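Next up: some structures, all given as structure tokens.
Two complexes follow with chain A in common, the first pairing it with chain B and the second with chain C.
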Partner chain A sequence: MELLSHLMDGFAIAFQPFNLGMMALGCLLGLFIGAMPGLGSVNGVAILLPITFFVPPTAAIIFLAAIYYGSMYGGAISSIMLGIPGASTAVATTFDGRPMALQGKADYALVAAAVASFVGGTISIILFTLFAPPLADFALRFGPQETFALMVLAFATFVGLGGDDIPKTIFMILLGLVLSTVGLDVISGRPRLVFFDLQGFYKGISFIVLAIGIYGIGEMLWTLETSRGKVEIANHRFTYKRLMSALGDLKRAWGTMTFSSLLGYFVGVLPAAGATPAALMAYGLTKSFARDPEKFGKGDIRGVAAPEAANNAASTGSMLPMMTLGIPGSPTTAILLGGMVIWGLTPGPLLFIEQADFVWGLTASLYAANFVTVILNIALIPVFVWVLRMPFMILAPLIFVLCFVGGYAPDTRMFDPWLILLFGFVGYVMRKLDYPLAPLVLAIVLGPLAENSFRQTMIADLGDWTVFFTRPLSGIIMGLAILLFIAPFLKRFLSRGKTSTLET
Partner chain B sequence: MRRAELTFAVILGAFSIYLMYMAQIPPLQIGWVPKKGPGSGAAPFWLSLGMLICAVWIFWRGWRGITPQGRSTEPFMDTYTFKVVSVTVGSIFAMLLATHFVGAYVAMLAFLMFYMGVFGKVPWPTTIWVSFAIPTGIFFLFESGMKILLPKGITEPLFIPLYKMFVY
Partner chain C sequence: MGLKRRGALGLGAVGALAIVATGTTSAIAEGWKPVKPVEFVVMAGQGGGADKLARFIQSIIEKNKFAEVPFIPVNKGGGSGADALRTLKDNAGNDHMIMATLNSYYTTPLRNPGIGVNIEEFTPIIRLAEDAFILWVNSETDIKSVDDYAKVVKEKGTGWKMGGTGSGQEDSLVTTMLEKAYGLKMTYVPFKGGGTVAANLVGNHVNSTVNNPSEAIGFQQAGKVRPLAALTAERLPLFPDVPTFKELGKDLVYRMQRSVVAPGGLKPEVAAYYTALFEKVFKSEEWQGYCKKNALQCTPLTGEPLKAYFAAEKKAHEALLKEMGEIK
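Then we have the complex of A and B:
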């Protein structure tokens, strides 16, 4: 009953005209951002975050969460119409969405994507509402030891589950942590790592500057290189009769959508996973369990429904650890988390007590955003298709200009746009050489919290580091983190063992 | 690509050593400070040491051809990519530099005109329309709506009438 009462309060906040307006605007922008090749939720949230510093935190998070949400819907549009995923989360949608479009069934695929996204979103928000309060209650027992252990666990998941090159992943985590120490040390007040004695470094490196650099400039450079300006839009027809027929065609995919939503939600909760692996896993498992797997990849509606339900569910799932534990479940939620810190909020369990309006306003807005986005998505499909015809050579400079202004706005100093350009170029080179960028963003966001909790523990326990292992809760978390760290090595060792057994 | 992988690992290793050097410059301390816990330089120093170890590891894996980049014989950048990246980075660099002198709006306008019209071969009517519309939209969103003033450089006097009309 208490849960329902909180949720009703949340709806009262979410339905305030200003918040409702921010949500609708966020959904609309998110749909466009998701639909644009090369732009995803992380780019959109990073570039538009500075705008939210001038509105109340609840409206700000509702706006950004709506962008996150909308972009999950929008990603399917370019996957289907252009054959280019709007974002990495929609890669799996291309496998069957594009063949459907080439068979003249683009509208069927788009409707399937929208409805599956709606189902995924709805199931995951219900799960979020049910799980978030008990997890937050549990997390209230955490001291600095547990907080530090949780940070280690978050980093370990990238090594154990991220699937990227291990030394490069660890390097990026460490680089993010070092960059987070630039500027004045909050404990001693001494300046650290002030490169070339430049005044700008005294204030530290903002995660926004890093995020806009690598996801704004760096990703655009990458897209300019890979797309080479050549995209071909699929023919489409869109009438009311065909819309109804497309909805009827979805009957076969209800089971797929439900299964993928549940899978996506739980994958999304894991810090290193997020929506992209969720969508790929949902596609792979749906195909494996299907009686007719040979139909996949040739335009099967279940191949569109599975990844779309999963990526939406994962986006909500990734908000669960962010809100309750202060650990982001994806790069986008890492940026949201950084935004919350700038808005003056402390992400974590206390948020549910001290900022109940914020938490429940956001939760209720997710329910509402789901309805708004599915309606906008289906209604505006012809508009998106028109926008997708915009040459990339117009879109790219607009994004560069937005990166410049968005980077300048928070602190109104030219130092930040220069850093953005530097991070953008280095980020592009790193991406080309297969250095994972998400751990870098996660580490710069979590760095200050990790260092402070570590130093608090060291001061309180007189330098006894074993306390991280002897306290029951932090011991369990640390044990899990170590397991995740060694998992890839263990896996490699076991597979080598198997190979040598087979050879003998 | 192989040469890029190895060279970049060396650059990252050198950067890690530089960070370690920066983190131990007095008064920063990298060890235990009695009653104060770990010194201010401890976190950056030891984390940078970890970065150095990873850079050596990355170099070794690249050298042995364990990573795809370490085995690749493809060029790091073909002619097209080099042109796109250098023109894009160069023109953004020029926009930022120009902002210090002629202000953000003139710099943005010039950047958009060059990037779309000259480099992107977008038709000139569209280029001109978009190049004026975007800075105008940014002015109303940031300066009029959010009261964030962008740098104007020597063009500041031109904006005074606009401030009176739309900002204050």
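Then we have the complex of A and C:
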């Protein structure tokens, strides 16, 4: 019951008018930051960090955590409305969210995203409250071997993501892996694939640049060509009735949301994994275990709910290693860590004891932030839908501008906008040739994680690859990954068995 | 094409210099002051050690109102800081730009001569601190001293895993120094950041590290890791019981510098302004507290002595890298 009294103290702190105001402001800002293609929670938190110099640490972390949180919700908005993932965490949301929008069900998808995010956020914060210290110990058991096994599991979920054309999917994964190696290699400290000796390639190709190019520019070009500028998205006014009917649709997705939240939380807790693999794995696993996987990718509400529940759960999860171990579970928590230094706090095992106010104030504010964002989100749906109703000749240039600004902002160098143009053109051509784009984008996110953890293991264990199977944790994960690889075949086999028993 | 662009940028910088020069002549009388936000270039990505420090400095300047304009951190972490160094070079004469450095300030231009940066062209402003390196092991082991350590590592050979940051970066240099001094040969496992390195030591995924105090101090206080010896000239006040390698008879001293520099071609009064500003930052309560808490060695260095310090460190790093076979 000590926990409960801590939490009550936390609520008392979180509900102080000033803290509550900071939280609401943070949620709103985060929502917009997340919704802008290119601007993700990382940039948002970095840009707004100076505001926190002048407020007490607890208010500061509540504000920044709310931005982080809000942007997880917001990322889904551009994924659904424009088909451009606002952040890497929202890539999986495009798979079914975009088709839903094109079928005139953008509001349904947005409701699903908001509710799933709420569920993911709430389940994860409850887990956070109950099991923070033991989970921190669990996270420590994750070495490079386990990280690599986890990446294999994530790649296993790619099976079927790219549609029916397996060779094309594999080609795109490999292309993404090659692109992910461009730049300075951490392990050897040497530059790789610096084409034409251009300085810009030293930095590597970031996910944002690739995603904006391929989804933003490429998608726009594609739409321009196929529609000749006459884009008609069947649109309904968002009414109470539609909200209720959307919520009714979501009933089918409860299991999905709960499962994805749990998965997202655990993946988020692991150092160096973060919300992107979590969202992807949630989508992949939901699809693999669904009775009707063929519906995914064509506008299935579960395809929106799974990644959205998972990425919100993971963002809460990634605060755990940040606070208890002082290591960031995601790029955004890395900046929050920097913030903690500024506010004079030392993250680490003792934070929960020495700075109980801070920890529990934050925890309580996350409960509240969940409510605020879900309400904000649903209230703003009419605005988002209105944006879609804009004539395409106004919307298209706006999106182009947003794409370039979003691509330029993180590193402020012109090299990135040029790359975006290049990828945009390549993405357009690949789309025409019917190559799946998602595996490419996801490979560039997961590639470096997989490569580094694999090479770290090979160095540490002197080239012995059996460790992936003999270490208990990585062995279990590897086993799951292999199961997942063969799951489609297994399922076919099982269902055949079932029909044959019916026949007899 | 790369060459052409570089040329164009160079011309642009000269043009900017001309404009700035005419623009500031009137201000010289009462000393120079920035008239627009100052770009605070960081040689690391968002969330890295250098980034945290730059943002901390930004908070000190803003909280104490040391400057009338904001200082805005701009991350140029690409290519181990190559991006940042190049930016600073291309901005020669830009009065509204400074940069927070770390040791890649020396090593990156040496390892990548292609970027065409000579750090001696830059304007040194101040050295704020030097971060120490300590040899750590997991406290579950029986290793209590450097002698124990050397014995065990000799036995294990390449089965002993030393965790650290990327190859060619500080931790790997320190590891090479250790190996040479004690005649050891261990396996170096590179990770992306110091915090991850420390966590991997606690989780027993590596056997030892050379983390900075700030990265491991939380774990030490929780009794998870044990410091064996420091690569400093004198004992660290925060670790009075931890001997230095010097005391143990090996001349192993290595430090990570935390300094601020500005582009080359600045007028003396501009450099004087930034130096005075950072002297104030240095004396601030926040900075002094930060030094103590993170076991930083904080002795400020400015002007000519700083220039000499940079030159000496660059030479030392050149020799180290050559020894490691990283450069010729």
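As a working rule, the second predicted complex is superposed on the first by the 277 of 504 C-alpha atoms of A that agree within 3 Å, B and C clash if a C-alpha of one lies under 4 Å from a C-alpha of the other, contacts with A are read in each partner's own complex, and residues count from 1 in each chain.
The criterion applied here is as follows: a contact is a pair of C-beta atoms (placed from the backbone, for glycine too) under 8 Å apart; a residue touches a chain by one contact, two chains touch by 3 or more.
Predicted model only: the values in this text are computed from it and were never measured.
Engineer: In the overlaid three-chain picture, which partner chain does A:54 touch, first (chain B) or second (chain C), both, or neither?
Structural biologist: both
Engineer: After lining up the shared chain so the two structures overlap, which partner does A:412 touch, if you call chain B first and chain C second: first, second, both or neither?
Structural biologist: Touch partners of A:412: chain B and chain C.
Engineer: Which of the two partners, first being chain B and second being chain C, lies in contact with A:165: first, second, both, or neither?
Structural biologist: In the superposed model, A:165 contacts chain B only, not chain C.
Engineer: Which partner does A:42 reach: the first (chain B), the second (chain C), both, or neither?
Structural biologist: second
Engineer: Quick one: classify A:459 as touching chain B (first), chain C (second), both or neither.
Structural biologist: The answer is both, since A:459 touches chain B and chain C.
Engineer: Going by the contact rule set out at the top, does A:187 touch chain B (first), chain C (second), both, or neither?
Structural biologist: Touch partners of A:187: chain B and chain C.
Engineer: Examine A:334 and indicate which partner it touches, taking first as chain B and second as chain C; both and neither are also allowed.
Structural biologist: A:334 contacts chain C only, not chain B.
Engineer: For chain A, which residues lie in the overlap of the chain B contacts and the chain C contacts?
Structural biologist: 54, 187-188, 412, 459.
Engineer: Within their complex, state which residues of chain A touch chain C.
Structural biologist: Chain A reaches chain C through residues 42, 46, 49-50, 53-54, 139-145, 183-184, 186-189, 191, 196-199, 202-204, 271-272, 321, 325-328, 331, 333-335, 337-339, 341-342, 344, 346-351, 411-413, 452, 456, 459-460, 462.
Engineer: Can you name the residues of chain A that touch chain B in the complex?
Structural biologist: 51, 54, 165, 167-168, 170-171, 174-175, 177-178, 181, 185, 187-188, 190, 192-193, 195, 217, 220-221, 224-225, 228, 391, 393-394, 396-398, 400-401, 404-405, 408-409, 412, 414, 417-418, 421, 424-425, 428-430, 432-434, 451, 454-455, 458-459, 463
Engineer: Give every residue of chain B touching chain A within the complex, in rising order.
Structural biologist: So the residues of chain B in touch with chain A come to 1, 4-5, 8, 12, 19, 22-23, 27-28, 32, 36-41, 43-44, 47-48, 50-51, 54-55, 57-58, 61, 67-69, 76, 80-81, 84-85, 88-89, 92-93, 95-96, 99-100, 104, 108, 111-112, 115-116, 119-122, 126, 130, 134-135, 138, 141-142, 146, 148-151.
Engineer: Over in the complex, which chain C residues touch chain A? Could you list them?
Structural biologist: Checking each residue of chain C against chain A gives 1-2, 46-48, 51-52, 55-56, 58-59, 62-63, 70, 73-80, 82-83, 86, 111-112, 114-115, 158-159, 161, 166-169, 172, 187-193, 195-196, 198-200, 202-206, 215, 217-219, 221-222, 224, 286, 289-290, 293, 326.
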